[in-house]
Amino acid sequence: MSLLSISVKPNRFTAWLLSWFLFAAGISLYFYTAQKRHQENPDDRVVPTLAQLGAGLYQAAMNPDADEEPASDAAGQSALERFRSGMLWKDTVASARRFFYGLALLFPAVLLGLHMGLFPYFGTFFLRFILFFDKIIALSVLPILFIAFGIDELSKVMLIVIGVTPTIILDTFNLTKSVPPEQIVKGFTLGARDFDVAYRVVLKQIWPRVLNSIRLNLKPLMLFLFAGEMIASTDGLAYRIALLRRHMGMNIIIPYVLWVALLLFLVDLTMRLLNKRLHPWFREA
Amino acid sequence: MVPGSITERPSAPAMLDAEPAADLLIRLENIHVSYELADGSRKKVLDGIDLDIRRGEFVSVIGRTGCGKSTLLRLVLGAETPTEGRVLADGREVVRPDRDRGYVPQRYSLFPDKSVIDNITFGPEVEQFSLLTRFTPGFYGRRREFRAEAMRQLRRMGLHESDANKYPDQLSGGMQQRVAIAQALVMKPKILLMDEAFSALDPGTRAGMQKLIRQVWRETQTTVLFVTHNIAEAIHLGTRIVVLAKDGAESSGSKVALDLTVPSDLDEEFAKIAGRVEAAAGHSRLDEDE
Amino acid sequence: MKLRPTLLFSVVAALVLPLAAQKPAFTVGWSVYVGWNPYYYMAKSGIMKKWADKYGITVKVQRFDYAPSLEAFVAKNIEACAMTNMEALDMPAAAGIDTTAIIVGDYSNGNDAVLTRNGVTFKNLPGKKLLLVEKTVSQYLFERGMAMNGMESQIKRVHLVNTSDSDIAAAFIADTSHEAVVTWKPLVSQILKTPGVTNIFNSSQIPGEILDLTVVRTDVLNRTDGSGQKFAKALTGAWYETMGLMSANGADKVLAAIAEGSQDSLQSYKEQLSTTHMLFTPQAALQLATSPEMKQKMTLVKTFCFNHGLLGESTKSMDEVAIRYPDGTVEGKADRIRLRFEKAYMQAVSEGKL
């Protein structure tokens, strides 16, 4: 049977092998290019070699930011201490703080969407405005954002919030609306009051889908975080990348990019596992 | 006659001998239901319905698809309001669904995020504990009581204890509806509203469910409003049959076309003939479901 | 039918002819800045084409944003680029691309400035936040300002907030909790319109340290067919012809045309020119390029770059990135020359030999 037909059943080993193929191809191509460029120009910084990448990663992880005041006891630090005062860790902590503030502020958005979907007056009051607000591209109103929130931590978190919350609100609203009306009526016939129906019937049902929606929005959240950091910041992962761009520090930029991808993957994985554990009854994802 | 089988029928008409006024549970007065279509015209669903339901009755509402029988049920339920007329329950106007009127829909009858036992204890828990008091220590003590009661209901519905911690999607259609009935009954509603509750089940399961609801009705003496489009089911289960039909063109609303009491000896006659057939055929049970 | 052979011939001809008539092609990249905007006029007025035709080559004048222009130069997508002396050291030189500066166009004479509100001075800057584009001439200016005010030891105590140049003006104006900013014109002019903001230090106090250059890849200049040198000659000739027009009588017309290229008004452009020391004549440029002060100032710049790791994190000492001056002296290791200052072309123009 042709390899390309729909009815084939690849065996597990072949499937596993195939899934890694593009990685292998990409990495080989990269290092081949790096080698060629370094033959021509040993000082090339655009496509660093494995050794340079390793050195860059080590330096970023273990050494503090050159522009900061060095710690007083820099000489006697253990490896773990050095890592924790290193550039990579400090940038990660700074960005992570903003990321999780932004993430936390998504939960009120979920509640808003829920109430909009269930309580008619609530819904009519908010829906039109949020549909409009959703279309405002947050980055384009930066000057207004600066005036309202300054350019420090608050404005960065607000940028994330303005960028991502409308999607979450509207998503939750739609999920709420898609709960079968029989369920809501059922709730009332069993003696539930309005808030009981909202939280113990509807929210409990849609919660796994809401979590999935948030998971899908992790990337846009990251994007807004990065935009904010690249525009005005004193620290953070995107801040560092923007800075390094100015003098082509690709040997540090590439490890940073991969590090961010790893972190995002871990957050996504955690949320997925959490969803499964909390909601074993949810079969869809 | 096998006790609890569909062939046994207590005398429903006897209940009618009690005082009519105190006995009146649901009254629909001059009900008109219509709504506006996209093109501005009005579509009439129910056209002048007057209906009384007395305590203890098992009323089968039947009619062709689109005749408004579900709408009628929803009016009694409180999920819909009439364009004209009013719905009274125990003399008070019905404005919204509440615990006095239990509900078993055709689909989505159970909460998918809760186990079977939690579905049944939902009503009692919600009634006594609000969102805040849910987390007080007293709750957990009461919860054990609720669960014990729920187990009793489960068993009465013919389910097994091992089913208690299963989730709705792990149960068959028939089992789900059994749980749904238990869930509604545990609140001891004044009337049980069943909207084509068995229509989605296969014939074998359906027969079993019919037996079950009959038995439950007998034991709990709950009033039941049972909507179906299956004539045999309607006649077998009901003490009273209400038929809705459109009076004329498709666009007109439905009226009560027929409202008759089912003779109490219907089952006796049926049983007699059935018994003779069984005996002649040599099988011990002919009406057993698979 | 008769149409077919004609059609076929035309198609083939269209494909083949350009190949046959191919002249050596070069690209020079520029970005919007007072000292480099003349490139727009050079291209638009046809001056560049005239000089390119004279040497039998084609020269494309391509506009970029600043950082992408540097990246294109390092990636060898363009052969020449307009950049400051600091970037000439950081980007190509530190990335191992041997670069030659063939034109010294001007130096910043007040275009870059340190602005503060609430009467903040260098003395009370430590501990406060400073908005700027990090690792650029702005940071250099700031450090020179601190040094010249005796605050060199406190440099690291100032909190630098890296702010992109497209938003720095709005950010400083809107958020009054930030008290200091370093940036360049015309952003400086915008910010100064806000009440309470003063200019406490600018590049006129460090003349000759922030140079604007046109650089060419050395390997292009060294091409054996001589086309690279023709490129340099065409570029230099066209440049100084334009410079001549900008400084002659009736220059306003030319200046207006130049300003148009960056959607600026004539008045605004002239205002920026007033704080730029343009080296309109090749003689003036030569004088600066061959002066001993030039070497001192380049050393200051190189020290800054080295201290901030801009010469490459793995560069162990300043000598690893060597500079060769017009008189032949080399600062750093002779086998690691990365930046050269070449006076030959400017000299040729001054002597009328182009």
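Each chain carries a letter (A, B and C) given by its place in the written order, and its residues are counted from 1.
Criterion: a residue touches a chain if its C-beta (ideal position, glycine included) is under 8 Å from a C-beta of that chain, and two chains touch if they have at least 3 such contacts.
In this text the structure is predicted, and so the values were computed from the model without any measurement.
Novice: Considering only chains that satisfy the touch condition with chain A, which of them also satisfy it with chain B?
Specialist: Chains in contact with chain A as well as chain B: not a single one.
Novice: Comparing chain centres built from Cα atoms against the global Cα centre, which chain wins on proximity?
Specialist: Of all chains shown, the one whose C-alpha centre lies nearest the global C-alpha mean is A.
Novice: Please compute the C-alpha centroid of chain A, do the same for chain B, then give the distance between them in whole Å.
Specialist: 50
Novice: Just how far, in Å, is the C-alpha centre of chain C from the one of chain A?
Specialist: Chain centres of chain A and chain C, defined by C-alpha means, are spaced 38 Å apart.
Novice: What is the distance, in whole Å, between the centres of chain B and chain C, each centre taken as the mean of its C-alpha atoms?
Specialist: Their C-alpha centroids are separated by 85 Å.
Novice: Can you list the chain A residues touching chain C in their complex?
Specialist: That would be residues 41-46, 52, 55-56, 59, 66-69, 142-143, 146-147, 150-152, 230-234, 239, 242-243, 245-249, 251-252 of chain A.
Novice: Considering only the defined contacts, which chain B positions touch chain A in the complex?
Specialist: Touching chain A from chain B are residues 77-79, 96-99, 101-103, 105, 107-109, 111-114, 122-123, 126-127, 130-131, 167-169, 183-184, 187, 189.
Novice: Give the list of chain A residues in touch with chain B in this complex.
Specialist: Touch list, chain A to chain B: 180-183, 185-193, 195-196, 199-201, 204-205, 207, 279-283.
Novice: How about chain C: which of its residues touch chain A in the complex?
Specialist: Residues in contact with chain A: 67, 71, 74-75, 90-91, 94-97, 129, 131, 133-136, 156-157, 159-164, 167-168, 170-171, 174-175, 177-178, 307-310, 312-314.
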